[in-house]
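Here subunit A shows up in two complexes: once beside subunit B, once beside subunit C.
And now, the complex of A and B:
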């Protein structure tokens, strides 16, 4: 389940370049502005994360649960340990300072430093997302090309209906159906959970990676392919494609050279947004498959009211999103000659 | 360009995706509303041993309650909460988007910058952040979280649509007549936005169902003993191997529901000319 409506490319405003100065300094200016915006966004994210977790509810009550009423001493001790006696603003800046200097605090659930707990998990999640992304891109482009090739015909219609159907399904529904199909109920081919013994990374058992990756591909590829298809169709209707056809360029080459290359730029934007969306999907997927990544860890931490963990993991996810968007903006400028000259002239 | 004019009704009838989606959605909605009347057992009635095929055809769950009866009971909360969350998200998002587009200037800049911050988090994460500090979420907390997490996404779309309208002549004309800004928004801008927003509402409903069921699936429930499609999956997931129906029945029904609403949203989008 991902977000189609928000995936409309937004480079035009965010990346509006300054038209002054020499080409080199204009580039530096544009990049500096873009990076500055990214840092501002991240800082606002930190405000949101801290206040949503620490200021809206009652941390002590949430951590102690049913024990809250029965042992006021424990509640008081915990409040003191969390520095709840200090004003929220002071706590925020202490937390932000810790975040920036790498002092992430200790997990409330087990007392280990948060940095130690999340390190491996970030790598595990990154591997899962990267493998999925590497598969999603060609799959989505291939489906889009077939669909655009048979536009308006039966093949296109069937593909579209399948894509809409898959696009509507929440990730956990896809994941559980795949588990039932391939590992527990119908066939018994693949492992249903990712168990890597003794700290070995999950990809040391490749078979256990198949279903999590497949879930993400099924959840995200339909969106990307629909966007790529509509931008392909737009390009196929354009004058230069018409001209290429009139010149007698074979349809196969028109599709590959004229249409596909021009559909890549909007594709990059969408894929970037979808990668960020993968983070939301990853959370469910990791939880279903007990995959040792940040998503599963986040769900556990939320249930244990483990604030330091939740805050750090949320900031990691936000940072990845902001970073990916930054890279996508830069890439789409580089791939769009018009925008490139607008910056450097 | 109202969607439900007589001339449009025929076009709607020809829109197969819209009709299919609407029929599927209607079936699930009726099931969620009237299901309890047809349930063979009570919501919390113990009909046999846990995870066996006693009771009616789908067997029993982790406490020995009848799975089929709980499926029939468990739709109402998801249905109502998703509708409310969608409505809340649409209203908030439209207000934010239209204000940004119509007032423009620094206000637009600030609003959209803050919007970008909210967009940096997957919707489920925004909800989880707040659930960290809440011991047992009330139903309205969940509605509020899901609704608010929709708002920035709706706002982005609404702003784009509104930008195309505020520069039209009839808006300028209304302004020239001395209409107040609020009146211009209510009388000129909003009525002309309805088609794309309706499609967006359908899409948002799909996501609301997924998010609310997902929050239940992750183990957050306002009333853990009540039947709820999302939470049922969480209750029974460890027994997927022994008694799959306790998990599969709610999973399938959530899937069918979202397929229905998504087809419907796509059909509306096609009618309003956003799709092709």
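And now, the complex of A and C:
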């Protein structure tokens, strides 16, 4: 049994022995270009982040607030600590150098090294996003497959209405409803906030992570499932799927082997976009659930005008964004035979 | 070793509470028998358990520094770890703490401190006069005076003060100061051992340090040898909450037993869900500030007219959601010298118009600077003032400034603005706000008769005579001052009905952060 979906790579691998060297180097070149672009993007981000935070008013005044007038010594000390006497370009390159060598500077708010302050929190946030992502992918694909299978029937209609409704709800409404339902008002089954760890990582009390994860899944899965559903439908209508059916391949296998693999590519793209969004969107969810991640730190640092912290956290979020998109691009190419051959030939 | 997780509310308690709350929430049957009732505050208290408190705010600025608390959770932590020599009771009156007494000499220039016997630090060391001298020296350190030591540093002469015996200290002042005891009762003047290290903080307070994560939580164990009776609970955890909703949810879900600074609008709803509001009077105020040295406010008739324009009750009802007490353009309502007898000023548009006419300002047009950075009630009351002023033909242009601008270059020199002040008694308040040289004298008030009265009062040992002098001083501010003080805030906190022992307190939120008196109502299982 041959099908069109996998026939193209078969051709390229059949001819591979002669072309291995050149196709390998083509891949390396292609990858190097993508990575280079990603680094360029990050560099531009660093310029934006630094100048946006360094150029917005007088940081010393912002930090001291009411005390600025009454304690000129503290103002002078802060100005010295922030090297405000140097030109902004010099400060930028010093900061960039520090960022690259892992010397992230000290928080203005409490003088501790930024790396120490954000390390655990970045891990906590990453775990939250990762668990959500791991749940989102199968949930979204399962819903999409069921929906596509029952296309036009009542099941599909009901699922689509639910998905559109959930997609339309802002995540803070979802969070509030979930808390009211499971923690405070109706049932009393789950912790309402993620504080139960007593300082230990949040996953040491798995129950306290259920609601934040659920909120993120509900916020993201509907989009993904709708995109996957529509690309599934497109594939199911295509000639080669029709051909497979005509050849008597069972619908179940048509869906799994022929349709799903080809619907994965748009799925990867939308999942990547949503995960990248999660890197920022998680801030709000963390806030509502008092989750000890970077969200509260970022809000707090902005409020404190704690520039070293804001800069590092903004760069982390930017890096996640760029990184996820890079991975998604590579995966999309790998899953698209035509694109794959285009690069290697 | 003590079992740390000795007791938390059992699953059954939580379910009971939750089902009850669910019923109340779904059917709207508030107060139907199943909701845990308000605990009986007089019932005998039980020992054990881990008590969690949700503190508002906090973040990376969090610290355990005894003399530089920054955030609200810092204040809560200070109250557990450290204790001043004297302290404020629930009525905002001085009572002895680790010092048994503080007595002035005839002209208020020397004060004698007697320390209580058997006050033990968390590390087992007994509090001595040396520790007190060390602490006072640290809090008034001229290089880095603590927030509670700035005023103290101006009057205290530590070099000429001496330790009489291990329990007695003679404090020498450089000027007569009748209310030194009030400065020594501030929570920011806690007593430390001479070998104090902020990384392993030790004090004499009811709870001892266990762990601290800035922006997240701090954890404390009971100080078993606490001189004022050890706390009921084994352990205390103070969690930081950046978000009001999360804080309230944690309370209703039973994850914390109390929260401070509950949003006013929630006072009613939490009562249907197994929690109780804790309402305290405070002397905190959000005044309008008029500069008495620039036109048009330099004309006392204009100032009095603007004071008469204000509908104070409306401001309390709308800007503070009703959680306020009427103000009468004078501060320090809990001071024994507070001039209660001066008539309550009420809105009088005719009188205001007439005063403005006399001043030649019938078409007065002024700019009022406000900012959300001033705190709850500020922007709301400014908006109300604009409306109320219209009735008297006064145009008020509202300038809503960003925090950086409001507290920027022109802070303390705005002609007409707002500010916030916490509870203080009269003499310390005057020193910061109402005399020349006061750090935050935003009205630029500088009346020689007034200042003379205050200085005379500081030296007056007889309380009745002193209060009379302060009364006369308040009369001057009542008649000519630059503040419009329309009200004092009420403090709103909340606790779960599964705990008892928290009482209204005029000094700090949540029963003066008095978790040492809190206990669970159901016995440990």
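Quick notes on this structure:
Simple rule for what comes next: the second predicted complex is superposed on the first by the 310 of 345 C-alpha atoms of A that agree within 3 Å, B and C clash if a C-alpha of one lies under 4 Å from a C-alpha of the other, contacts with A are read in each partner's own complex, and residues count from 1 in each chain.
We take it that contacts are C-beta pairs under 8 Å (C-beta built on N, C-alpha and C of every residue); 3 or more make two chains touch, one makes a residue touch a chain.
From a predicted model like this one, the values you see are computed outputs, not experimental measurements.
Placing subunit B and subunit C on a common subunit A by superposition gives a clash between them. After overlaying the two complexes on the shared chain, residue contacts for A:167 are found with subunit B alone; subunit C is out of touch. Looking at the shared chain after the overlay, A:90 reaches neither subunit B nor subunit C.
In the superposition on chain A, contact is made by A:107 with subunit C only, not with subunit B. By the touch criterion stated above, A:44 is placed in contact with subunit B alone, subunit C being left untouched.
In the superposed model, A:290 lies in contact with subunit C only, and not with subunit B. When the two structures are aligned on the shared chain, A:54 is found in touch with subunit B, with no touch to subunit C. In the superposition on chain A, A:117 makes contact with subunit C only, not with subunit B. Once the two complexes are laid over each other on the shared chain, residue contacts for A:334 go to neither subunit B nor subunit C. Contacts of A:176 after superposition on the shared chain: both subunit B and subunit C are touched. Within the three-chain overlay, subunit B meets subunit C in a clash at only one of the listed stretches 61-69, 115-123 or 169-177, and that stretch is 61-69.
In the superposition on chain A, subunit A positions 57-58, 61-62, 65, 68, 176, 179-180, 184-185, 192, 287, 299, 301, 303, 306 are in contact with subunit B in one complex as well as with subunit C in the other. Of all the residues in subunit B, the ones that touch subunit A in their complex are 17, 113-114, 116-126, 128-135, 153-154, 156-157, 160, 200, 203, 206-207, 209-211, 213-214, 217-220, 233, 237, 240-241, 244, 247-248, 251-252, 254-255, 258-263, 266, 276. Chain contact summary for the complex, subunit A toward subunit B: residues 1, 3-6, 8, 37, 40-42, 44-45, 48-49, 52-54, 56-59, 61-62, 65, 68, 161, 164-165, 167-170, 172-173, 176-177, 179-180, 184-185, 192, 230, 233, 276-277, 279-281, 283-284, 287, 298-299, 301-303, 305-307, 310, 314, 317-318, 321-322. The residues of subunit C lying in touch with subunit A in their complex are 14-15, 17-19, 21-22, 25-26, 52, 59-63, 211, 213-217, 219, 237, 239-243, 245-247, 249-250, 252-256, 273, 373, 403-404, 407-409, 411-412, 439-440. The part of subunit A that touches subunit C in the complex is made up of residues 57-58, 61-62, 65-66, 68-70, 107, 109-110, 112, 117, 176, 179-180, 183-193, 195-196, 198-199, 287-290, 292, 296-297, 299-301, 303-304, 306, 309.
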